[in-house]
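Here the chain labels run A, B, C, D, E and F in written order, and each chain numbers its own residues starting at 1.
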Amino acid sequence: MTILHIVRSSAFNDNKLELCLSIVTEHDSIFLIDDGVYNIAHPSLLKLLDRIEVFALTEHTNARALNIDNKKIRTADLSAFVALTDNAEKTITWQ
Amino acid sequence: MTILHIVRSSAFNDNKLELCLSIVTEHDSIFLIDDGVYNIAHPSLLKLLDRIEVFALTEHTNARALNIDNKKIRTADLSAFVALTDNAEKTITWQ
Amino acid sequence: MSSFALIVTTSPTDNKTYTALTFAQQLLADGHSIIGIFFYQDGVLNANQYVQAPSDEVNLYQAWSTFQKQSATPLHLCITAGERRGLTDSNEVAFSHNIDDHFTISGLGELVVLTCKADKVIQL
Amino acid sequence: MSSFALIVTTSPTDNKTYTALTFAQQLLADGHSIIGIFFYQDGVLNANQYVQAPSDEVNLYQAWSTFQKQSATPLHLCITAGERRGLTDSNEVAFSHNIDDHFTISGLGELVVLTCKADKVIQL
Amino acid sequence: MMSDQVKKYAIVNTSATFNKFNAKEALDAALILASYEMPVALYFIGDGVYQAQKQQNAESIGAKDFIATFKALGFYDIEDIYISADCLSQRQLATEFAFTDAKLVSKEEFAVRLNQADVILTF
Amino acid sequence: MMSDQVKKYAIVNTSATFNKFNAKEALDAALILASYEMPVALYFIGDGVYQAQKQQNAESIGAKDFIATFKALGFYDIEDIYISADCLSQRQLATEFAFTDAKLVSKEEFAVRLNQADVILTF
């Protein structure tokens, strides 16, 4: 993994996911936290799932009563998130 | 005029203009202030100009080095903005 | 000429707050009256008397304070929103009164009264 | 196990700040170290010792303070960003020290030092 | 304390449940207005529609469970609650809400209803 | 005071010039990093591209003219300045900038350049 993109806001509300997607590469991963977890239903994200690894923080999807049906979106808890930030060369936060 | 819609944010950055446009009626007017003045170049706004009266605050376009070439967008200074808020039945602020 | 109530919800580091101030000044310059400005959400931070700004910038806390002095416009602070954001009117030992004197300590009830009485309500 | 530097730019009324706190706690629980957390932009508001919250809510200012006590993690406050937002470490008459003792008064230079030293830098 | 005048208020929610503190402070304002016996209607549009979802768990992320208060809006005589159907379906959300009285409306009806208010506040 | 290590920093600007205080505080961070002799590159994407426009007048709306500092970035050895061409043209903006050294780049090149940084901070 090169860059872990941490996405913290809803793409239904602002353009941060769009900016992220404009420069994300296939070596990168995307981690959805905070209102970023709402992007599990956003068309722009969904069409990238075959190319880019996408995670959503379980604690934040649960708090927002979101269910993830799409098996291409991986769920991960806070400890898994910590491990991914540790494994990444670097992170970029979109908020 | 029924409602004066005061738009304070850039539609290139968030969805507030989109929400405004989803419910604006032909009796209403739109006033762009703050980063809302960037919307003078936004396609969603441009296509409404024949139906809805749109103003942009001169002080805020000047501060941002924006030129308004489109004659369908009316420029107004702070005093004209005050007069429009006074004439409106009510206002709604999108920020 | 109409009576206005304004609602300010943005902090002193947000340029939108300067817009609200100049709008208020213009209202008075154009002969309207302002029955009160209600500071809510992050707007309450404008009342913190310890806000500092470099000398070549407008200090919005001071600008509001000056505006109040010159125009006698009531500046109402929602104390519930304020306490969450570190503003306090307590003079007890554990606290320190940090709300500028030109602001009036109020609650959301004042929002009702102001917006109900005014001819026009503008949220800025 | 790696050393982390965190940067927090959100205020205590923004739920994203709770995310940053729990991330920091998880880092330590998982055996990593945090060489420091740098509070910048609206993040500095977390250091205001007068922030109050109802008893049924997490008071983020207190939670950071407790976190520092328990873990000895340095919490660096950018004083320039703080002064703009009403935080002050002055004890002069016109001022009132309102920065919680568990925060360290720092400048942007500390941001450089922390992010340069740490294995990993996370902005939350 | 009551004012002699009565105005109709619209509280328009455009923010997701945990976006800053907007949802909570919008609700606080609505409840106070209602306690002063002002007619108050709640509107949910944009990411605001997320607020109305059932089964959210605020306490698990350190926030107060203010969504629980939604169930009690009837006690405050807040009965006019409008949710944008377009915004809801755009976000692929369920139509079971945390309120009993919520009305799912088209954007045209949303505009008509909003226009009935004398004072409109957005959060 | 200097650290023994040197890292490459990317300051990514996504906010318009007067959106909150982001632009000013991003610039402050970049200048300090440069004064510690860290290699710093500036990136402008999304509404951040508005920051780079010529002829803005901050003082007319009560703000400090920090854009003037952009002209002095060379003194701080900040020479790598990348502006997203896509974001600029989407906003129908001029390509004359407040900097001398700005490079207009495609999103692909933006990504490649950004990947050269060790630490990425967004504002």
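Everything that follows uses one rule, which is that contacts are C-beta pairs under 8 Å (C-beta built on N, C-alpha and C of every residue); 3 or more make two chains touch, one makes a residue touch a chain.
Keep in mind the model is a prediction, meaning the values are calculated, not measured.
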item	value
Co-neighbours of chain D and chain B - touch as defined	A, C, E, F
If a chain touches chain C and chain E alike, it appears here	B, D
Least step count from chain B to chain C, where 1 means the two chains touch	1
Contact-pair overlap exceeding half with C-E, pair selected from C-F, D-E or D-F	D-F
Maximum centroid distance from chain F, chain identifier (CA atoms)	E
Most distant chain from chain C, judged by the mean position of its C-alpha atoms	A
Fraction-based call for chain D against chain C, same above half, different below	same
Pair of chains joined by more contacts [C-beta pairs], C-F or A-F	A-F
Cα superposition of chain A on its sequence copy chain B - rotation in ° rounded to nearest 5	180
Mean-CA-position distance for chain D and chain C (Å)	28
Geometric centre distance via CA averages, chain E-chain D, whole Å	33
Distance between chain centroids, defined by C-alpha means - chain A, chain D (Å)	25
Shared interface positions of chain E, touching two or more other chains	18-21, 46-47, 61, 119, 122
Where chain A touches two or more other chains, by residue	12-13, 15, 34, 59-60, 90-91, 93, 95
Residues of chain D touching at least two other chains	13, 15, 19, 22, 84, 121, 123
All pairs of touching chains, each written as two labels joined by a dash	A-B, A-D, A-E, A-F, B-C, B-E, B-F, C-D, C-E, C-F, D-E, D-F
Of all residues in chain F, those that touch chain B in their complex	15-19, 46-47, 50, 53-58, 60-61, 87, 90-93
In the complex with chain D, residue positions of chain E that touch it	18-21, 61-64
List of chain A residues in touch with chain B within their complex	12-15
Residue numbers on chain D that touch chain C, as the complex places them	11-13, 42, 45, 48-53, 61, 83-88, 95-96, 98
In the complex with chain A, residue positions of chain F that touch it	12, 14, 45-47, 84, 86, 107, 110-111, 114-115, 117-120, 122
